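Given below, in the form of C-alpha cells, are the structures.
Shared between the two complexes below is chain A, which pairs with chain B and chain C, respectively.
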Partner chain A sequence: MAISLAQPRQSPLGLAVRGILRKPSSRVAVFILGVIILVGLFAPLIAPYDPAAQPDIVALKSLPPSLAHPFGTDPYSRDVLSRVIYGARLSLSIGILATVVSLTFGVAYGAIAGYAGGVIDAVMMRVLDAFLSIPRLLLLLGVLVAWPRLSVPALVVFLGLTGWFGLSRIVRGQVLALKHAEFVTAALALGASRRRILVRHLLPNLVSPIVVAATVGVAHVIVLEAGLSYLGIGVPQPLASWGNIIQDGADQVATLWWMSLFPGLFMVLTVMTLNVLGEALRDAYERR
Partner chain B sequence: MIVAIVAVITFVLIHLAPGDPFSAVLDNPNVSESVRATLRAQYGLDRPLPEQFLRYAGALARGELGWSFSYERPVREVMATALPNTLLLMGVALVGSFALGILVALIQVARRGSFTDHALSGISLFFFSMPDFWLAILTLLAFTYWLPIFPVGGAVDPVMHEYLSWAGRVADRLRHLALPALTLTILASATVARFQRAALLDVLPADYIRTARLKGLTERQILRRHALRNALLPIISLIGLSFPALLTGAFFIEKIFAWPGMGFAVVSAIGTRDYPLVVGGVIIGSIMVALGSLLADLLYAWADPRLRGH
Partner chain C sequence: MTEPLLSVRDLRTWFYTEAGIARSVDGVSFDVGAGETVGIVGESGCGKSVTALSILRLIQPPGRIEPGSVIEFEGRDIVTLDDHAMRDIRGNRISMIFQEPMSALNPVFTVGDQVAEVARVHGDMSRGDAWKRAVEMLAMTGIPDADVRARQYPHQLSGGMRQRVLIAMALMMKPALVIADEPTTALDVTIQAQILELLVDLQKKIGTSILMITHDLGVIAETTSRVIVMYAGEIVEETSVDELFARPHHPYTEGLIGSMPHIGHDKDRLNVIPGTVPAPTDWPHGCRFRDRCPYSWDLCAREHPPLYEIGSRAHVSRCHLAIEPERRNHPHPPIVVQEGVAAA
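Right after this comes the complex of A and B.
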C-alpha cells in the first residue's frame, strides 16, 4: 500500500490554464486572440479578395470604406481588409517565430552563464550589459540599414537575435539560485551529468518565467516589426504585414486615414490581449 | 566599455553588409569604375579591415562620427544641431509622463477595486500596448487635419517665425512642441502608471501604513505622505529603464511630426542610405541610454536614506 505524502504537484501548464480562466479579462483576451489567430490561419478562406491583386489601379484606387471594401482600398487598388487579414497571418508568425529564436538563445545563454559561474559568468554578463544598453530598435536600425531588402526569414532571425537579453538575465538568476538546491545536489550525488542536471532538473523550474517572457515577447516583436516596416526596412513590399499597410498610406495620412486606422486597431488588440495574458500568467505563477 | 562594444558591433555590421556606401550612392552606370575606386581610396575603404577598424575607433575616441553623405556635413555637426531638440522633447515627456503616471496611479489606488480603477487600468493597458508611431499618426490626423488646432510639423513656423516678436517666437515653438510632446507623454505615462500602481499596492500592506491608519489618518493622508514616498523609490529606477522607450518613441514621433531632432535625422538617413549618420545615431542613442541609467543610479543612491553615506 503506497501512501503519497507529497502534495499533488501542479504542473506549470495546469497553473497557466487555471490562472487564465480565473479572471474574466483574460478569458476575453483568450477569445479575442483565438479569433485573430484563426483569422490568420484561415486567411485564404476569409479574405474577400486577393491581398496582392491590383484589379483597377485607376477606378479602384484609394477608395474610402464601403460595403464592397469595408476597410477601403489602398493607392494600388488593393483591398485593405484582405491585406489586414493576411497581415494577421504574417505579423503573428513573425512574432511567434522570432520569439522562439529569442527563447532558444536567451535560455541557453542564461543557463550556461548561471551554471558555469565564476569568470565565464562575469564576462558573459558584461557582454549582456552592453547589448542591453543599446535600445533594441536602434540595434535593429543599424543592422537593417546595412542589409537592405532582407527576406522575411532573415528579418525573423534578426528580430529574435535582438530580443533575448532580458530573458537570459532572468534565467541566469534562477539557475544561480537553484544551482545549490537539494534536488540538484541529490542528482549530482546520483551521478547525473551536468547536461542532464541542466536539462532535466533546472530547466523545468524555469518554465514559468519563460512562458511569461514568451507571451510578452511576441507582443514586443509585433510592435517592432510594425515599426520597422513602417520605416520601410521591415517586411519587404508587396507582402502585407500590419506595419506595411500603414506604410503604404503613410504619405497621405490625412486622406487615407483608413489605411492607418484599421491595421493599427488589429495590432493594438493583439498586443493588448498578449499583455493581458502575460499579466495573468505572471500572477498565476507568483501566487503559487 | 559600453561605447567600445557598441563601436565594435556597429563596425562589424557595416562591414558584413553587402556593398559599401559608394556602391549605393554611385550605383549608376554613368560613374566609371575608376572614379569609384578613387572615392574608395579617398575614404580609406581600400585598406585592410583591421586598419580601418583602428582608424574608426581612433576617430570615435576623438568624438568624430564620420561624414554624413546626405547632409554633406560631419555627422557630429548634424547631431549637435539635432540633439537639443530631441532632448527637449524627451525632457518634457519624461517630466510630463511621470507626473501624469503617478497621478493616475494615486487615483487608482485611492479607489482600488472600483470602476474608476478598472477603467484607468484598461486605458493604461491600451496606451501601453500601442505602437508609438500609430498613436502619433492618429494624433496627427485628429489635431491637425480633422480638428486643425496644431501645426502639421516642424519645430517652428517655416515662414513666419523670423518675423515674430520674442514672445511670439516662444509661443510658436510651444505650439509646435505640443503635439509631439503630448504623444510621447501619453505613451510613456502608461508605463509609469502601471508600474506605480503596482508599487503603491506593494507598499500598502506594510506595518507603518497600518500604524498610520491606527493613528487615525485619513486614507488620503496615508497615500500621499506614507505610501507615495515609499513607492517613489522604484520609480527612480523606472526613470533609467524608461530611457530606451522614450528614445525609441522620440524617433518615430519626430519622423511623423517632422520634429528636427536626432530621430528625424536618423530616420531620414535610412531612406538615403546614409550609413554614417545612422550609425552615429545608434552610438549617441546608446550613450544617452547608458547615461540615463547612470543618472537613475545616482539619483537612487541620493534619494534612499539607507544608501546615503555608503
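Right after this comes the complex of A and C.
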C-alpha cells in the first residue's frame, strides 16, 4: 500500500489550512488579514482617541498627519487613525455578518431547489433569474432610497439579502450533480431519510465551494458598503466605516489626501488578502 | 425449502422514458430462502440491477414498480409498505453492497463515521457505542489496524479495503438479506477472491442470505447454490449451480458458459454471443433471445416461451427447445439484426 498510516487527517478543514499555509503569498495574506482583524477586535484598546469626539472644531480641523495624529484629522477635528481603527471593526463586521446572511439564504435556497428538482426547481430558478438580472448595487440603491437612514443591522440584512443569488446557483448545481451519486443511493439503501441525506451527506460535500464563495463574498460586501457609505447612504454618522471616512474628505480630496489614502489602503489590503485566500482555498480543494 | 425469506412474484419495474416505456424488469418471480445464496447472472441491461434496486424500493422516477408486483419479505409486501417502514428495512433487514466502492462512500467523512452512521440511523446507539461497534465490524471484515483505519477517509484506502468497509456497513445490523451488486467487478483479480471468501465467511457467521448479482459466472460458481439467469428483463433459466454448468438448457446460458475464457484451451478467439441485448423499450415479440439464437425457428417468433420444467421443478428454462429438443442438433448462424434497425 502506497499510503502510509501516518498521513495527516484529510478533513475538509485540515485540507483548507494546509492549502493556505503551503503558498508564501497566502501566508502573507493570513498575516495581514490577521493583523487587521485583531486591530478591529481590540479597537477600543488601540485607538488613541474617541473616534466620534470633536475636540476642537476650529483649531484641530483638517490637520495633516503629525505625531499627535498619525493619519491626520478630518474637517470635524476627529482623529482619522482612531476612525480607521474603528472602521476596521465596523467594515469587517458588516462584511462577515452580511455574508453569513447570504450564505444562509443561498445554501438553503440552492439546496432545496437542487434536491427537490422538477417543477419546484424550475420555478425557484426562474425567480432567481429575475433577481440576478437586477444589478446588486441598483437593488440596494432602491432599498436605501425607500428607507433612508438605515441602522447598521438593517444595512447588514439588506447587504446579505442581495448577495446570495450567485451562491445559491452554485449550491443548486452541486446538489443536482451529487444527488444521484452512488454514495447517496448507498445511504438511501442503508435507511437514511431524505432530510438526513441532504444535511449529513450532501451539504458537507459543498463545504469547499461555500468557503470559497464566503471568502470572496466578504470582500465584496466591504467594497459595496464603502461604495454606499461614499454615496452617503451607507453607515450613518458618527459611526466610522472605511467608506464614510473617505466620504468625509471627498469634496477636498486634493488637499485632505490623508482622509482617503489611509482608509483606502486598509480597504484595498483587506480585499486583496481575502481574494488571495479565496484563490488559495480554491486551489487546495481542486488539488484533492 | 420452508417459507422463503424473500419471495418475488411477477415483479415488473418499468421506466417511462421519452423513447417509450422501458420494461427493464418484466415479470420476474423467484424466492430466496433463509441463509441461502442465490445468484442472478446476465449481461448489462438484462434487468438484474433494477431487480436489486426494486427489492429495496430505490427505483427513482421515471421508473416505477408496476401494480400487481409483489415482493414479500418476512411476511410483508415491500411494494406497498409506507416510507417509514421501508426505511426501517433498508440497511437493517435488507442491505446492499455496491459495485464501485469509491463512489459508494462519501468522500468527506471518515470510513468509521460512515459505518457507525448505520447504527445511528437504526439503533438507539450513542455516538461512542456506534463508533466502537463500527471498529469491531471493520476488524471483522479483515481490515488491519481497524481503529486507525476507521479515522481515515475513503481516498486513503485501497479498493479492496473500501469494499471491506462497504461490507462492514452492509452487515452492521446483521440483516436477513444482503444484496451484493457486482461486489468484485471494480477490484483487482487477486482481491476479488479475497472479498468473495470474506463474504461467504461472514455469511456463515451471521447467517444472512445473499442475493449475488453479477455478470461473472466465476463469481456465481464460487459463491452461490442456486442461479437465476436473466435476459431482456425476464428470467430465462433457473437451477442449481451444478446443474447450470453441467446441463445448461437455455441457448443464452449455453452462450454465457461458452464465452468464459478457459486456461489451457488454446484458442485465438473467445466464443461470443453475437449481437446485443435489444432495447428495453422494444423487446422482440415471441422469444426475446431469438435474434441471437443459433436454434430459433418460426415458433420462437410466434410464441413467447413460458418457463418449461427441465427434468424437475428445480430446473426451469424459457426455451421452446424443451418441447423440440432434437432441434439442438441443427444449429444455424443467428440472424443478427443490425444495430439501429428494429427487430421485425
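The definition used in the following text is that the second predicted complex is superposed on the first by the 279 of 288 C-alpha atoms of A that agree within 3 Å, B and C clash if a C-alpha of one lies under 4 Å from a C-alpha of the other, contacts with A are read in each partner's own complex, and residues count from 1 in each chain.
Here, contacts are C-beta pairs under 8 Å (C-beta built on N, C-alpha and C of every residue); 3 or more make two chains touch, one makes a residue touch a chain.
Since the structure is predicted, the reported quantities are computational estimates derived from the model, not experimental observations.
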Superposition on chain A - do chain B and chain C clash or fit: fit
Contacts of A:V271 with chain B and chain C, given as first, second, both or neither: first
First (chain B), second (chain C), both or neither touched by A:R200: second
Contacts of A:T185 with chain B and chain C, given as first, second, both or neither: second
Touched partner set for A:A254, first chain B, second chain C, both or neither: first
Between chain B and chain C, more extensive residue contact with chain A: B
Angle at chain A between chain B and chain C, C-alpha centres, nearest 10 degrees: 100
First (chain B), second (chain C), both or neither touched by A:P135: first
Partner chain(s) touched by A:V28 [first = chain B, second = chain C, both, neither]: neither
Contacts of A:V127 with chain B and chain C, given as first, second, both or neither: first
Shortest CA-CA distance between chain B and chain C [superposed frame, angstrom]: 22
Chain A positions touched by chain B in one structure and by chain C in the second: none
Interface residues, chain A side, partner chain C - complex: 1, 3, 5, 7, 9-12, 180-183, 185-193, 196, 200-201, 204-205, 207
Chain A partner contacts - residues on chain C that touch it in the complex: 56, 58, 60, 87-92, 95-96, 98, 100, 103-109, 117-118, 121-122, 145, 148, 151-153, 155-158, 166, 169-170
Chain A partner contacts - residues on chain B that touch it in the complex: 1-2, 5-6, 9-10, 13-14, 16-18, 125-126, 128-134, 137-138, 140-141, 144-145, 244-245, 247-248, 251-252, 255, 266-267, 269-271, 273, 275, 278-279, 281-282, 285-286, 289-290, 293
Footprint of chain B on chain A - complex, ascending: 126-127, 129-131, 133-139, 141-143, 145-148, 219, 223, 226-227, 230-233, 246, 250, 253-254, 257, 260-261, 264, 267-268, 271-272, 274-276
